[in-house]
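I've put the structures underneath this note.
Heads up, the next two complexes both have chain A, just with different partners, chain B and then chain C.
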Partner chain A sequence: MSDVVKEKSMLMQKEMIARNYEAITSKHETGRKVSSTFVPGNLNELLMCFGIVNNLPEINAIQSGMRKVSGNYIQEAEKRGHSEDVCTYVKADIGQMSRGNIAPNGKPFPDPDVLLLSYTGCYTFMKWFELLREEYKCPTLMLHVPYQGDGHSTKTMRDYIVKQLKEVVIPGLEQVSGVKFDIDKLREFLRNSAKAEDDLVWCLEQGKIKPSPIDAYFGGVYYIGPIFTAFRGTTDAIEYYKALKAEVAERIRLKQGPTTPDGTPFNDQKYRLVVEGPPNWTNFREFWKMFYDEGAVVVASSYTKVGGLYDQGFRHDAENPLESLADYCLGCYTNLNLPSRVDLLTKYVEEYEADGLLTNSIKSCNSFSAGQLMMMKEVERRTGKPGAFVESDLVDPRYFSAANIKNRLESYFQMIEQKRRGSGKAA
Partner chain B sequence: MRCFIGIDLGSTTTKAVVMDENLQVLGRGITNSRSNYDTAAAVSKQEALIDTRLTLFRRGLDGIPSLAGQVDGIIADLERNFRHVQFVEQLDDLQQTCIGNIKGPRYVGREKAVVEALEEIFRRLQESSGALFVAGAKRKSDFFRDLAGADFMQVGETVARDAGLPFDLILNVYDKSIIEVENRPPAGDMEGKFLRALEKGAGGQGRAEMIIKPVQAALAIPLDETYVVGTGYGRVRLPFPKEHIRSEILCHGLGAHMMFPETRTILDIGGQDTKGIQVDGAGIVENFQMNDRCAAGCGRYLGYIADEMNMGLHELGPLAMKSTKAVRINSTCTVFAGAELRDRLALGEKREDILAGLHRSIILRAMSILSRAGGVKDQFTFTGGVAKNEAAVRELRKLIQENYGDRTINISPDSIYTGALGGATFAVRAVVN
Partner chain C sequence: MSSTAEIVAQCQALYEDLDFTAARAWKAAKPGRKVVGFLPVYVPLEIIHAAGCLPLGIFGGGDSLEVIHGDAYYQSYICRIPRSTIELGVTKRLDFVDGMLFPFVCDVIRNLSGIWKMMFPNVWTKFFDTPQNFDATIGGSYYMKELDELREGLEKLVGHKVTDDDLRRSITLYNENRRLVREVYAFRAAKPWQAPTSEVYLLMRAGLMMDVAEHNQMLKDYMAAADKEDRPKRDNVRVAIYGSFCEQPPLNLIKSIEMAGCYVVEDDYALINRFLMSDVPTEGNPIEGLAMTYIKASVETSCKYVPKEEDKGMYHVQRVRETGAEGVIYATPSFCDPALLDRPMICHRLTEANIPYIAFKYAENSGQMQPIREQAGTFADSIKLWS
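And then the complex of A and B:
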């Protein structure tokens, strides 16, 4: 394949990520502390208050998936006794550690100073951090976020999180960093977050336009990058989303679709899809090509909400700093129950005028894949639009069967086409 | 005449259907996919066109009052004779190819002896080939490789022994050559072959004279390939533009609808796929599910089991029907099922009972895919190669009754052609509508 063509915002983000890896791997020179944490429930603004650098093992696993090294890491982890069914993010991380723990910039990852586990619905996170704690023997701070089992959060839940922030997380971070917590600093970062969030939401909502100027899944994973990771609350993120917004606005003006990795605008959009489930990372470009080659654009996705449901109105709020961190954690897509996920996906199919819901179910993700088939059937029933189900994995290349996936996708697109032509045309 | 052709390139077999513009099926053809989709597509198409000729003969003969009641027999004779002509021609090709492949240090000094042995083997094969095509002859397979191969092994061993040659010398040359011959579609001149078949006798001089004219008239009708639609796993290999290619889900849905218009749910068990499909009243696909990441429980599973038991694929079903007791086979993995099979044999279970258990385990997998696709609605149509297996059908009927109650279950004797039929229908629509 030819080299990937990148847009300006993508290059900006690449540079930001490189800078963060540099900050992580140079901690011994700079004296900065490093925390490991996860994307859903990520408390980046809080870490920034203590000058702590944010390292996200999930993102590292994605990076190794896209750089095609995760397969070796996973096999290494399996050699060490982790079963074939274990989440492949975990195995990629464990395997990477046992192979020298080299960061994408070629330098070794230093040991983290603290593990900040914000638990938002994925029970694997807890087990993952148990393994990391065993390895690094460093302090672990756990923020327990109650699951929205009844489909909504309550004041008690919020208070419970705020109490943990005050009594466990903040004192713990003060101790690790030696920096006193300053709530006004947090307010300032949260104000930055809200600005960037406004622009992100604007970009995501442009998927309603035809042709869609964005791809809310394959392109979407780039759009959410800074907000979901180590940049929420920074002025860098504000700048990034300004640039992204300008790019999307320009495409709207030119009536253009998103730019594919081949560098061409994807204008010939025949099918508009809503996608549930994370993408496959080991064959990301090949997977994406299966969509745009057939004229399928993703107009909305749930994966771009795992790190926060901003499009449903939530914003970080400088006036209620700790409460808004609590609300943020409660509202991550991973913390929603099945009926809420069905409601959201149904809403997307309708509001974005999609042709149907496609689920990419992840083989090694037990906590997120459960119930997806039922969800799909319910969304089909409510919207009257056909759904389809494909299966792959996050970063285990062994579970990407290109021929099978392509076969199902093509069948799905042709089915939409056939339905569109109408039942009037009997054989 | 305008011909509309659907080709379904499956992992095990490739099927073709020829249709006229009124959606009437004129001919069907099938061949083994032999890892060479180009040849498989060409051969299956040729087979379907041969079948089309037979249909045209039938139409010509049906109009002759003095032949009333005899047409089926005449057509059957003609087809058998045609197959024999074709088989003999391929044997010739195989013989020439074998002789051409006698090369390499192993043969030095023995070339003449090997050639003579091969000539003797093929002389005997030619001689006995008539028996394969007499009326009522039972053949394990209709594919050249299977027919010629089985006899070659038997005759070759005797001839080699008598000639004092190691059999593997002969076998080696055969192995190389059969692949070449198989990948060479039989030569054209379909008309000439039909005429030669006609000469082989069609029931007495008087009758031959009576049928020759209508047959020649039917042979004179040009068969134009107006539009071809390809489907199946090998479809990207077809030398067609993209709009001539349809997914097999759509083709199976439409094909089943064409055979049984009241169909709402379809189960297709092919070589490496199991598909559950729901269609609406017009044959338009509403929903589908397929086996995921693993092809256990598909047609190839039976192929593997047949190999393990040293049986022909077609013999499995009939033997399983003799079962009197259910043996549970739990493993969904094809290879593990092979291990279970040997284990049960060692424990003294009967082959038929074990086979019945294996058929049940296939159908259990299929039931799970059907439930994922939204269950079994009325009417239900079972398609694909496995639908020909009576033991699989028996288990399916039982499980549908248990899980969904009364359902009309359709199985067409031509169910293996469902995908190709759907493809041909798409071809007609592309031009006529």
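And then the complex of A and C:
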């Protein structure tokens, strides 16, 4: 397969990621400390206050999935007694560790100095870091973020998180790094975050235009990269989102769709979809192609909200730094209860004038998957638009069945056509 | 006085009755009574009881329920308990239940709380979170507020206040229940041939479907009867079973393990009545008492974070020692993230402590017991051979 054609923002992001891996793998030379932490509810701005480099094992698993090495890692972990039933991110991580733990830049990952267990929206996180802690025997800082069971956060939850930040996380990071916490630094980083977040939201909202200048799922994983990972709070992220915004604006001007991996603008958009669930990474391009080949563009998705619902108004707030970190953690997509998720998806189908909701259900991920069938039916009922369901896995190639997915997609598009004919609308 | 067989038959009838006739009768006996269902693993039953409600354990559908609708709600790679619980709901078997509590155990039950809200909007449905920070001033004070919220929710449901004295009275009853439950388990560990797990299990499951005072009496009766009976002692090996804290195995699976030559002297089945390992103080603020007992004296299980690496799995090792188990059967529901993610860590600790173990998976509706009987039998033989 030829190389993916990259836009300027993609190249910028690639650079940023490479620099971060370099910072991680050179920690012994530079003396910088490294933390491992998770994407949802990650506290990048806080880590930056201590000069700690942020390593995200989920991102490493994605990288190994895209480089097609995750399958071997997973099998290695299963050989070592990890169940075939559990999240494959965990097994990709553990398998990679037992195979020399080589980073994408070819250098070995150093052991982390701290595991920052920001426990938001997914049960597996807790066990994942208990498993890593067993291996690394390094300090582990647990930040328990309560689930929004009643569909909203409460002052009790927020206070609990702030208290943990003040009494557990910050003192722990001070100890690991030897750096005193400076709240003004945090404020400065949060101001940077908010700027980048504004531009991200602008980009995501352009999915409302026809033809859509973005793909909010496959393209979306690139758009959210910097803000969800090790760059939120940096000036690099501000620059990245400025560049992304300029690219999207240019496509709007030219009435163009998003650029596909083969480098052509995807203009012939027949179907507009909202997608629920994470993508598959082992066959990412193949999966994407199944959509644009059929003329389907994704105009909004829930996956681009796992690291925060910025489009629903949340911004990091320099005036209330710790409270704003707490609100951020509380508001990540998988920390919302199912009625809230249904409300959000329904809103997307309506506001983005989509033809329906497509769910990619991930075998690994109960946090997303448990309840998706009911959610789909409910969104169908409320919007009157048909839904469809495909199944795959994140990084386990054994669970990607191209033929099955293709078949389902094709029948789904036929269903949309029928629905359109039925309601007398032109395609 | 009743014999063990009579008591166990009564328990088994309750356990098998998926129409919950007894709970329905309890509710109908007095106007205004409310029933509050709860799922595994832990909710503070004292508060439900103090509100005058019957806490009703909902542990899925077991192996006798035919799941017809539930499968349409869950993909094949999700465990059984949520789909059979939905089945119970859709088939109106739970139509008399006024409130449902979904405790924190994993993302499946967590998400099920939202499904319940959407499917049964007239039922008071609450996701019940327990803290994962075990510092009294952090997790403890958060948990006190959570418990207050639960109390307020129940007050709304029943339409009257739940006073501190109400709570203290209920705590006293549940302290007694915990003491008796511990006694039964200690009796089983001492004389497992007199109190087989297939009986003890039913005795405990039934307790989660009846009034606590009634169950206290039943526990006393059972122990007295079991002590009197003279049952043959076999040359069985003593095992502990872990990993079965949420979706429960079919009763036949427990029986199969026993028939394969194992005395189960320790387990984590329906853990709720041992979740708190000490009495809850009845003096002072009862909410604080409940909260701090959770913080300081609750069991180690997969739905809790273990703050220190060196403590991980040590609860299991200690319990194996205390109960004199010679090996561990780590038996988990298929697709159960909590049990399966924990399994390697717990098993490492068992290995370090030279405790042999085997592991297998089951589903609440598993039918074929032959492989399990063979596995457990081989395990028992190998323990006998090497000990």
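Some observations on this one:
The working rule: the second predicted complex is superposed on the first by the 422 of 427 C-alpha atoms of A that agree within 3 Å, B and C clash if a C-alpha of one lies under 4 Å from a C-alpha of the other, contacts with A are read in each partner's own complex, and residues count from 1 in each chain.
What we mean here is this: a contact is a pair of C-beta atoms (placed from the backbone, for glycine too) under 8 Å apart; a residue touches a chain by one contact, two chains touch by 3 or more.
All values reported here derive from a predicted model rather than from experimental measurement.
In the overlay built on the shared chain, the residue A:Met12 is in contact with neither chain B nor chain C.
Of the two partner chains placed around the shared chain by superposition, chain C is the only one that A:Lys163 touches, whereas chain B remains out of contact.
Look at A:Glu391: by the touch rule set out above, it reaches both chain B and chain C. In the superposition on chain A, A:Leu373 contacts both chain B and chain C. Partner contacting the larger number of chain A residues, of chain B and chain C: C. Contact with chain C, but none with chain B, is seen for A:His144 once the two complexes are overlaid on the shared chain. When both complexes are overlaid on chain A, the residue A:Ala23 reaches neither chain B nor chain C. By the touch criterion defined above, A:Ala403 reaches chain B but does not reach chain C. Once chain A of one complex is fitted onto chain A of the other, the partner contacts of A:Val179 are absent, as it touches neither chain B nor chain C.
In the superposition on chain A, A:Gln414 makes contact with chain B only, while chain C stays out of contact range. Shared contact residues on chain A (touching chain B in one structure, chain C in the other): 363, 373, 391.
Those residues of chain C that touch chain A in the shared complex are 72-75, 77-78, 82, 102, 104, 106-108, 110-115, 117-119, 126-129, 131-133, 135, 137-139, 141-142, 145-146, 149, 302, 305-307, 309, 312, 334-338, 340-345, 347-348, 361. By the touch criterion given at the top, residues 80-83, 85-87, 90, 117, 119, 122-124, 126-128, 130-131, 133-134, 137, 140, 142, 144, 146-147, 149-150, 156-157, 159-160, 163-164, 167-168, 334, 337-342, 361, 363, 366-367, 369-374, 378, 391 of chain A touch chain C in their complex. The residues of chain B lying in touch with chain A in their complex are 23, 233, 246-250, 254, 257-258, 280-290, 292-293, 372, 374, 425, 429, 433. The part of chain A that touches chain B in the complex is made up of residues 363, 373, 377, 380, 386-389, 391, 399, 401, 403-404, 407-408, 410-411, 414-415, 418-419, 423-427.
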